[in-house]
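Both complexes below contain chain A, partnered by chain B and then by chain C.
Let's turn to the complex of A and B:
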């Protein structure tokens, strides 16, 4: 546990500013959509949950190229491996730190944009990004050894895995007829499943890349 | 059995024996199925003649699902037994499944136009087939993006396995999200909802597709092995030449 926290602290303190760039792109897109729909506020209201969910998906899958890439390039990963450190803890810390820098701000922006009126939407953005990062960590680790820096490939690989969670979160945010607890159960189930899958597959993929 | 399968020699011998028979049977089934399906079987009372697209559409969809399952099983075997041949097999069948998925999507669009009045809807089954196609595409792109082929193969195997765990979840989630497609009419627990005059040619075509897939898989696998053999010979020649120059 202490190991995990240390790793996360280092991660949050010492890595580059790309998360800020991704958030700025997200904000600029939201402003653009806001301006474009300003003649028809009903359009904005109708599309807002979809925009927030879709854009958080896009931003998350674009950012996942950075998840292990920097550590891979400067040799940190190789050092961890040669020191016999646990790649499981490393991967877990990386994923959580990534979510704290990207997923939580996205959820807060979603809250600000909707005026903190829709809890399912804010929660949906948060847990969807976390699930996406868990699942996307696997292809992100697998792509480390590819010829060029292939961040184009990542969204394609993540898309099929991300769809179920997005669909459930979208339904939770837009469908008022079903109780909130059934959606929470579905989201929680999908999240736990992807976390379990990722905590097995992601260190395995990292070891494959380092072999 | 598994260790027996992981050596190229007996495998190739088996493939040599199997290939002409599989090809001939596939050809016969294809001819019979097409004749039966396109001419002898009745038109649907609601959909008319356009229902005959089913005889290509449904076997292709089944094929796409089966090939992905086979890929996942082969990838799992490759990690368990550490025999690289299984990776090669998975790689050789991937484009077949991708082609099946593509045929399924294409014929589905052609069938959808007269039946539903649109080429494409974001219906559950259509979406899940599209996602399956994207899974194939991702696997294929990932495998081909490595300088060392072995690394690409094992990376692809991880994606195939993880994707396989996800396929039922994708299927369930999109089903639950939205559905317009007719429900499955052959594979269900009650009696099939399809009349036998349509079922028989359909099964005939499914057999033909399965055997066709097997034939292409054998040919592709043989080619992959030959490529490796050629490379091994090239490396040996290079070493011999280096030794000569050194002497």
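Let's turn to the complex of A and C:
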């Protein structure tokens, strides 16, 4: 537990530059859409959930290349292995720190944009980004050793897994016919499944990258 | 009485991309001993050193003494470019600030302690990475081409600290392309 918190603290304290860039892009796109639809508030209301979820997916998947890349390139990952540190704890800490830098600010922006009136939407952004980061951590680790452009490859790789999560989150925010708890249960289930899979597969993928 | 080895390699084979690097490699590393891995480029020196460090797997042919603490400095320095020298070493070694200050003084790195790694030269970065070796108090040092980029003074200091480490019953396995000034070193030549 101590190792996990230390790793997360270091991550959050020292390497957050790129997250700021991603959040600025997100914010500017939201402002641009707001300005463009200012003459038609109904359009804004109708498209807001879709826009928030779509942009959250885009920003999260584009940021996944940063998850392990820096540690792999500067030799930190290799050094951690030589020190006998747990890759499970390392992977978990990186994922949580990544979400705290990106997912939580995105959810807060979603809250601000909606005036904190739509809990399912804010929660949907938060849990969808976390699920996507857990899922994306596996291909992100696997792609470390490739020369491919990960900023294009990673969003494509997680797209088939991200779509169900986005559909459920969108439905939770916009569909009044089914009780919200059904959607929350579905979102929670998908999240737990991705977290369990990632915590098992991620250390293996990191070892493969170091071969 | 013969001392127990810190590290024992028995009949170790390794290949890379289908090419055999070395076969039936066997050697032992005892306290106070230095092993120098030599050989042409691509002969498997770095691969062997990584295997000894347990990267990416632990091999059954490589047996280490129980509770052995090792410290590894590879080709890459494992330093965070946005952190200062002091922050990097503090984060990685968790040593008290006084000990860190003393080691930085020994290495002549005090003037650089508050500079970010990105602002240092390749040789200065290498010195910071090598400082980590003496900070963690590991019995076994595993170092890949330690004196690359170092100037004459830093090179001399590294060999002096390595001699001190060997005198205190430590051991080292290092790779080098040039002969090393260690009289007691055992050379393992890899032919690739």
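Methods note: the second predicted complex is superposed on the first by the 208 of 211 C-alpha atoms of A that agree within 3 Å, B and C clash if a C-alpha of one lies under 4 Å from a C-alpha of the other, contacts with A are read in each partner's own complex, and residues count from 1 in each chain.
In this section, a residue touches a chain if its C-beta (ideal position, glycine included) is under 8 Å from a C-beta of that chain, and two chains touch if they have at least 3 such contacts.
Just so you know, these numbers come straight off a predicted model, no measurement behind them.
Based on the superposed arrangement, let me know which partner A:210 touches: chain B (first), chain C (second), both, or neither?
After superposing on A, A:210 lies in contact with chain C but is clear of chain B.
Would you sort A:138 into first (chain B), second (chain C), both or neither based on which partner it touches?
first
Scan A:159 for contacts with chain B and chain C and give back first, second, both or neither.
The first partner, chain B, only.
Could you look at A:37 and tell me whether it touches chain B, chain C, both or neither (first, second, both, neither)?
Neither chain B nor chain C is touched by A:37.
After superposing on the shared chain, does chain C or chain B touch more chain A residues?
Of chain B and chain C, B contacts more residues of chain A.
What is the contact status of A:82 with respect to chain B (first) and chain C (second): first, second, both, or neither?
A:82 contacts chain C only, not chain B.
Touch check for A:193: first (chain B), second (chain C), both, or neither?
first
Going by the contact definition given at the top, which residues of chain A touch chain B in one complex and chain C in the other?
Looking at chain A, the two contact sets intersect at 208, 211.
Report the residues of chain C in contact with chain A in the complex, numbered from low to high.
Interface residues on chain C, with respect to chain A: 50, 53-57, 70-72, 74-83, 87, 91-92, 142.
Residue numbers of chain A touching chain B in their complex, please.
Chain A residues touching chain B: 138-139, 142-143, 145-147, 150, 153, 156-157, 159-161, 163-164, 167-168, 171, 190, 193, 197, 201, 204-205, 208-209, 211.
With touch defined as at the start, can you tell me which chain B residues reach chain A in the complex?
Those in contact with chain A are residues 127, 131-132, 134-135, 137-138, 141-142, 145-148, 151, 154-155, 158-159, 161-163, 165-166, 169-170, 172-174, 176-177.
Considering the complex alone, what residue numbers of chain A touch chain C?
10, 14-15, 17, 70, 73-76, 78-79, 81-84, 207-208, 210-211
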